[in-house]
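I've put the structures underneath this note.
Two complexes come next, and they have one chain in common, subunit A, joined by subunit B in the first and subunit C in the second.
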Partner chain A sequence: MTEFWTQFGIWIGALCTLAIWSFLYKDNPFYKIAEQIFVGISAAYWFVYTIYNILIPNFFEKIFTDFSANWLLLIPGVLGMMMVLRIFPKLDFLGKYPLALMVGTTAGLGIIMYLKTDVLSQVVSAMVNPFTGGTVLAVLGAFILIVGTLSGLVYFFFSKKHEGFTGGVARLGIIFLMISFGASFGYTAMARISLLIGRLQFLLGDWLGILGN
Partner chain B sequence: MNLQKIDRRWIFLFMLVGVMLPLIFPIGFKIEVMPNTKAVYDLIDSAKPGDRILMSFDFDPGSGPELSPVATAITRHAIEKDLKIVYLALWPMGVNLGNLIYEKEKDNLIWGENFINLGYIAGGLVAIQSMGRNFTEVFPTDANGNSIHNFPILKDVKNFSDFAFVVSISAGTPGIKEWIMSAGDKYGLPVTGGTTAVSTPGFLPYVNTGQLHGIIGGLKQAAEYEMLIGQPGTATSGMDAQSIAHIIIIIFIIIGNIAWYRNRKQQKEAKK
Partner chain C sequence: MNYKLPLVITFCAGLLMILAEFIPHRPFGSISANIEIWFLIITGFAIILGQISLLKMNIIKVVYKLPNWKYHLATIISFSVMFLVGILYGMQKQPGLLGHGEWLSSALGDKPFDYIFANIYQHLMAAMFSILAFYIASAAYRAFIARTLDSTLLLSVSIIVMLGNTSFGTSLTAGLPQAIKFLHLPNLSSFIMDFPNTAGQRAILIGAGIGIIGSSLRIILGIERSWLGGK
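On to the complex of A and B.
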């Protein structure tokens, strides 16, 4: 019986994949059906998952089993309810308070961490002595890092018109940015192809069984 | 023939055939190992038998083809090194993706002794910070709802100092960035992992600063990792198709540019 349901799942997966791919030819009812199934199942999955894996174990179970130790949970519980009240236009204003609390807390918690991780550590790593690399390639790499960082920063410096020396450095910054966008595009293309490979491995292997293990 | 007006469905068809054929008839292109992959391998290889490691499944099935091979290869390496593996997930669907790997590898894993899946934890950055303060308070039970005090793998675990490092397999937020910010920069736990190829360039600066101990970017580097541990898997078998697809893309980019230049030249001549 388990084998039957496994095969059934594989067939559903394969037919849905083909239905979604049919959009590449042109929009059609099969694509629409598969898309709607995906949206519906995703929403239902999230809804059920949130109730059973987040709300019940983290809130209801704790409140009902040991109230005296967990009564503080009522505060986030009430705030959560206030957020849901946004669906009623007359009580919409109540949803703004938990939202404000969330924004403020997230900003407060994150700002120091972002400052350390994304600013200070990166600035320190850019302050290198290019001649300590050892090999010619390492020295060249360090120079490229310094020039790329500085010219990139100049490109985003808008308080001075980009002309003359500043304009030249900014143009160099654009070149570095373009190279970085090119690398990102290359990685993006690679990622999309990987997803296609994953689907084809499923179709040709799990479904049709024409790939070796 | 105006190449700029070519029906794009021909490109889709070329790509489909170009990817499908190497999967059916493997060519066997050589795979070179990049330093970033080797750095991940070295960190895991340097762990002592019996060390506990965290593996965070921060992705969903949409990124599965790219990231599941990464997670599988790292799990196999950890098993080979006799490490104690603790799975958790910052994404809800990550729990089941972890369980799928456990099902495949369970001949070498004993739930609660050298492996456990703690399930999903909501909160991202805040949850990681809480783990750093008191790990068992954040995860009172495993993914099946059993108290973690029943399992020897988590005996005496208090916080991140009881783990050798964390591996985040990440497709977005919350993910590897949050692990770097909190577990790495705040608590000093070494962070490594794998990301989708799309997001890999964004994480390379963290590798340069040493905040991230190498990175496995997508299927290509997953194949490199499989090669390093000597266990070819789905990533390795997809590499021929990946290479052929890249060649097709390069050819189409060249054709597209030639067509664009030719078109522009014709328009200039027409204006004259």
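On to the complex of A and C.
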């Protein structure tokens, strides 16, 4: 019985893949159905995942097993319910209060987190002695790191018009940004191609059995 | 009052999070830890709100037979099936309302929720992202035609990085003498990633970080209040 369902799963997976790929020809009903099934399953997956992995362990389990120690959790529980009540247009205003707590917390945490990870740690990493690399390439690389970071930052500095010396440095910054975007693009393209290869392996191997193990 | 209380809540929550970072003593540490759990719980409800809202929109389209309503029926059916099997029989090690559904699991080889996840959701997701490979290629052809220095640079770097990470790229420059091993595609790719790319990424991270800090301050101080809706 299990063997049947395994094969059935492979067939379903193959048909889903082909339905999605049919969009490469043109938009068609098979693609649209597969797309809508994807949306539905995806939404239900995160719904169920949230219940089992966020709400049950952090809220319901604590409330029902030890209420006296966790009664304060009723506050986010009520705020959460107020958030869900936004679904009714007449009770929309109730959602502002939990949203306020979320926005405030995110903003406060965001300031600390980004100050630490994106600003201070990056500034510290950029402050290197370029002559300690050992090899010519390492010294050159360290100089590129310093010049690239500074010129990139000048490009993002909009309080002074980008002309003259500032304009030249900002132009250099654009070049470094373009290199960065090119590298990111290369990696993204490779990731997508590897997914495509994975799909082909599934279709030709698991489904049609043409590829050997 | 309609806007004042939410703004006060935002200010207090934001300030508390910042103070807790700089004052690692009671009660700030415990308050901030509690608020983080509160945040998680409210986020959970917010996710549920999003899914219910999606379902509601699809039901409206089907009930009023709006254009393409038949496709939205597929969304409702797939949502309902996935939701029901998840709630009734649980996911992974979590039991559902009817336990683990052993009889179904033994037939399917997995819990029904996990079976659908592995055999439909994962395939649909991988197929959806894999077709982007074709669109990325065609977009790249149109966008990166080497007309300016910037686009030429973007194109060349992406080609070097892609080739440098494949065995084909390695074999292309395998014949180069050791004296110029710097020009071997894998070495060139790794140099680009380690230095110019890091410099560009660092500038973006610092710039974006400062921008986010500024926006967060505006939100905490109530200057930025578009999240409340209205003006």
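Simple rule for what comes next: the second predicted complex is superposed on the first by the 205 of 213 C-alpha atoms of A that agree within 3 Å, B and C clash if a C-alpha of one lies under 4 Å from a C-alpha of the other, contacts with A are read in each partner's own complex, and residues count from 1 in each chain.
Everything below uses one rule, namely that a residue touches a chain if its C-beta (ideal position, glycine included) is under 8 Å from a C-beta of that chain, and two chains touch if they have at least 3 such contacts.
Just so you know, these numbers come straight off a predicted model, no measurement behind them.
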item: Partner, of subunit C and subunit B, that touches more residues belonging to subunit A; value: C
item: First (subunit B), second (subunit C), both or neither touched by A:G198; value: both
item: First (subunit B), second (subunit C), both or neither touched by A:A43; value: second
item: Partner chain in contact with A:L94 - subunit B first, subunit C second, else both or neither; value: neither
item: Partner chain in contact with A:L211 - subunit B first, subunit C second, else both or neither; value: first
item: Touching partner for A:V139 - first (subunit B), second (subunit C), both, neither; value: neither
item: First, second, both or neither for A:I63, with subunit B first and subunit C second; value: neither
item: Partner chain in contact with A:L172 - subunit B first, subunit C second, else both or neither; value: neither
item: First (subunit B), second (subunit C), both or neither touched by A:Y25; value: first
item: Set intersection of subunit A contacts, subunit C complex versus subunit B complex; value: 24, 46, 49, 53-54, 58, 109-110, 114, 117, 122, 125, 145, 180, 183-184, 187-190, 193, 195-196, 198-199
item: Touching residues on subunit A, where the partner in the complex is subunit B; value: 24-25, 46, 49, 53-54, 57-58, 109-110, 113-114, 116-117, 121-122, 124-125, 145, 180, 183-184, 187-191, 193-201, 204, 210-211
item: Complex interface listing, subunit A residues touching subunit C; value: 1-2, 5-6, 8-10, 12-14, 16-17, 20-21, 23-24, 29, 32-56, 58-59, 72-73, 75-77, 79-81, 83-84, 86-87, 93, 96-112, 114-115, 117-119, 122-123, 125-126, 137, 140-142, 144-153, 155-156, 173-190, 192-193, 195-196, 198-199, 202
item: Interfacial residue positions of subunit B with respect to subunit A in the complex; value: 9, 12, 15-16, 19-20, 23-24, 62-66, 92, 119-120, 122, 125-126, 129, 141, 145, 177, 180-182, 185-186, 196-198, 200-202, 205-206, 208-211, 217-220, 234, 237-238, 241-242, 245-246, 249
item: Residue ranges of subunit C touching subunit A (in the complex, touch as defined); value: 2, 5-7, 9-18, 21, 34-56, 58, 68, 71-72, 74-83, 86-87, 90-91, 94, 106-109, 113, 115-134, 136-137, 140, 149-150, 153-162, 165, 182, 191-210, 212-213, 215-217, 219-220, 227-228
